[in-house]
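Multiple structures are listed underneath, in C-alpha cells.
In the two assemblies presented below, chain A is common to both, partnered first by chain B and then by chain C.
Now for the complex of A and B:
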C-alpha cells in the first residue's frame, strides 16, 4: 500500500497551480490518472518515481519511507523499485533486446529471468535484434519487459500506448492487464483514452488543476453509467445520419463500427467525435454458434 | 429514450434473475434484470430511472390483453409519420412516452391522435439506472 500526501507548485498554461494529492493506493490497484494536459498527472507519476521532488509531504510504501520533506528523506529512483514506461520506449539503440533486458537485471546471474520475461512478453524471437529493427509495438513490449527485470513493486505507465495504432494498442492493453494480474503489481497509468481506462483500471483519479476531484471506479467517474445493461462498450461517435424518423449513429468501439438507432432527443447533444457509452441488456443479443 | 423516475417497491430473485417492481406516480413498472455483481443490488425505496427505447414500445387497441407487464392505456398526444415508421407520443402522468412502430401497424390498428390507446413494453426491455 502507498500512502501519498504531497504538494508541489506547478507552472502551467493556466498559471501557477498547487498539485496536492493526499491518497492511499492499495496493493494490486490498477489506477488511472485522468485529466487535461497540464493538470499534474505526469508530475504526480514522476514524483512517485522519484524523478521530481515535491515541495512538502510524505510518500510511504509498505511502511518504507520514500519521501519525507520534514525528515529530509528522498529515496533516489533506483531505490524505489518502480518500473517506468514512457511513450518513447527509451531503449539502448546499440544493444540487442536481450542486452537491453540484461542491462536492467540487478543480479546478472539470474539470466533465466530474461528468458522467462521474453517468453511472457512473446518476444523470444526478437531477442537478438536491435531496437531500430523493431516495430513500435515490439519496442514497447521490450520496454515493459525491461521494467519487469527488477521485480518492481509498482509499474508507472506514462501514456505508454499513445503512439501505437488501434489494433496494437488493444493487444498491448491485454498484455498490460495480464502482467498486472500475473505479477500482482500496483500499476499507475496516465492516459487520455477512456476506453483504455475501462479496459485496464479498477480505480480512477480524475485530476483537475492539481487536485484529485474524483476518486472512484471508471464507471462511476465517467458519469451516469450506473445503468443496468450488461453490455457496456465505450466508443466514439463517427457519424450521425437521419434515416426515416430515426437517426443512425455509427460508433467506433473496440476497433469495430457499430450502428445504433437513436431518436432526435438522443442526438440533441451528440457530436461527431464524442465519447459515449453503449449499453444493452443481457436479454437482447442473439447467440449463434459459428 | 423514454426515461421515467420511480422508486423500487419489490425485489424478487430467482438465481441470478431479478424482477423489480418500481412505483412511478400511481402506476407500477416491472423490469427483469440479470444480476451480476454487488453494484446491482437494489434496495426497496431506492430512486431509479426507468429507461426503454422508443423502438421497444408496442401499441395495441385499448381492450387488448398482452403478456407485457408494462401495459397502459394513455391518450395519444401526437403522431409523426415517416416513410416506414411512425412515432406515437402518449401522455403518461407528467411524462410523455414515445413509441416507434411501423406505419403499416398504425394504419391497421387505426390509432389516431386524441384517442386513448394501449402502449406496452416487456419487462426484459426495461433498463434501470441508479440515480
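Now for the complex of A and C:
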C-alpha cells in the first residue's frame, strides 16, 4: 500500500500550476492517471519512481518511507525497487534483448530467470536481436520483461502504448492485463486514452492542472460525460448549402463527413469552421459491428 | 633518415599519445558533468574549457611560461616541493598540451552524452544500478563514436600544435623539439629538404588519421546497431 501526499510546482505551457496529490493506493491496484498533456500525470509517475523530487510532502510504501521533506528523506530510484516502462522504452541500444534482461538482473546467478521471463513474454525468439531491429510492440514487451527482472513492487507505465497502432495496442493492453493478473503487481499507467482506462484499470485518477479532480472506478469517472442516453459528437462545420427550403450542413466528425439538414434558424449563427456539437435525443443510433 | 628526424617524430607522437590518454581521463568526467549539470556556473565552465579554441596559442604559452618559471611563486614552489621544472621540459609540454587540447577532447564527449536521451540513464538507475555502473556499462558504450572522434582529434591537434610548444618548450632536441617546431627551425636555417621531410610526414600522417576516424566511425555505427 502506498500513501502519497506531495506537492510540486510545475512549469507548463499554461503557466505555473501546483501538482498536488494526497491519495492512498492499494496493493494490487491497477490505477490509471488520465488527463491532458501538461496536467502533471507523468510528473506524478516520475515522482513515485524517484526521478523527480517533490517540493514537499511524504511518500510511504508498505511502511517504508520513500520521501519525507520534513525529515529530508529521499530514497534514490535505485533503492525504490519499482519497474518503469518509458515512453521511448529506453532499451540499451548496444545490448541484445537477452543482455538487456541480464543487465537488469540483480543476482547474476539467477540466469534461469531470464529464460523464464523471455518465455512468459513470448520473446525467446528475439533474444539475440538488438533493440534497433525490433518493432514498437516488441520493444514494449522487452521493456516490460526487463522491469520484471528485479521483482519490482510496483510497475509504472508512462504511456507505453501511445506510439503503437490500433491492433497492436489492443493486443498489448491484453498482455499488460495478463501480467498484472499473473504477478499481482501494483501498476500505475499514464494515459490519455479512455479505452485503455476501461480495459486495464480498476481505479482512475482524472488529473487536471495538477489536481486529482476525480478518483473512482473508470465507469464512475466517465459516467457523466461519455456514457449517457444521448448521442453526441464534436465536429467542425465544413460547408453550408441551400437546398430548396432546407439547408445541408456538412460536418467533419472524427474523420467522417456527416451531412445534416437544418432550417434557417439553425444556421443563423453558424459559420464555416465553427466547432459544433452533433447530438440526437429522440432517435437511438444504430450499432453495427464492423 | 637521420636519427634526429626519427627522434623528433617519436617525441612528437609520444607527446600526443600521453596527452590524449591523460585527457581521456579528464574529458570523460568533465564532459559528463557538463552534459548533465544545470548549475549556473555551467556557462563559465564551458567558456573556460573552450578558451584554447579562440586564444592565440602564444597567449596561452606566455602565461604558462610566466606561471611555470622558477622565478615566480608557483614555479618556485613546484621546483622546491617536487623538483619539477615545467619550463623547457617534456613534462611542461605535456601539461601545456593538456590545457591547449582540452576543448578537442571535451566537446565531442559532451555532445555525445547530451545526444543520449536521459531515459537510458534513468532506466539504469531504476534497475538499481549506481551512477558509476550506469556510466561504464550503459552510457560510455553508447558514445563510443564520440570517444573515438575526441581521442583522434586530440591526438592530431597535439601533433600539430606550434605556438604553445614554442613558448614553453623551446627547441631542445630529444626533449622538447617536436615536428612542427622542427619545420620552422629547418626553414629558418634554409634547410628546405629536411623541412619538407617533416612537413610531408605530418601531412600524410594527419590525412591517414582522419581517414581512419571516418572509416572506423562509419563501420562502428553500422555494427553497433546490427
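FYI, the second predicted complex is superposed on the first by the 223 of 290 C-alpha atoms of A that agree within 3 Å, B and C clash if a C-alpha of one lies under 4 Å from a C-alpha of the other, contacts with A are read in each partner's own complex, and residues count from 1 in each chain.
To be clear about the criterion, a contact is a pair of C-beta atoms (placed from the backbone, for glycine too) under 8 Å apart; a residue touches a chain by one contact, two chains touch by 3 or more.
Keep in mind that this is a model prediction, so the values were computed, not measured.
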Which superposed partner A:106 touches (first chain B, second chain C, both, neither): second
Touched partner set for A:13, first chain B, second chain C, both or neither: neither
Touched partner set for A:86, first chain B, second chain C, both or neither: second
Partner contacting more residues of chain A (chain B vs chain C): C
Chain B versus chain C as contact partner of A:268, first or second or both or neither: neither
Touched partner set for A:244, first chain B, second chain C, both or neither: first
Contacts of A:287 with chain B and chain C, given as first, second, both or neither: neither
Interface residues, chain B side, partner chain A - complex: 1, 31-34, 36, 39-40, 51, 53-55, 80-87, 98, 100, 124-125, 127-130
Touching residues (chain side chain A, partner chain B) in the complex: 224, 226-230, 244-246, 261, 263, 265-266, 279, 281-284
Of all residues in chain C, those that touch chain A in their complex: 117, 119-120, 122-130, 137-138, 141-142, 224-226
Residue ranges of chain A touching chain C (in the complex, touch as defined): 49-51, 76-84, 86-88, 90, 92-94, 103-104, 106, 130, 132-133, 146-147, 149-150
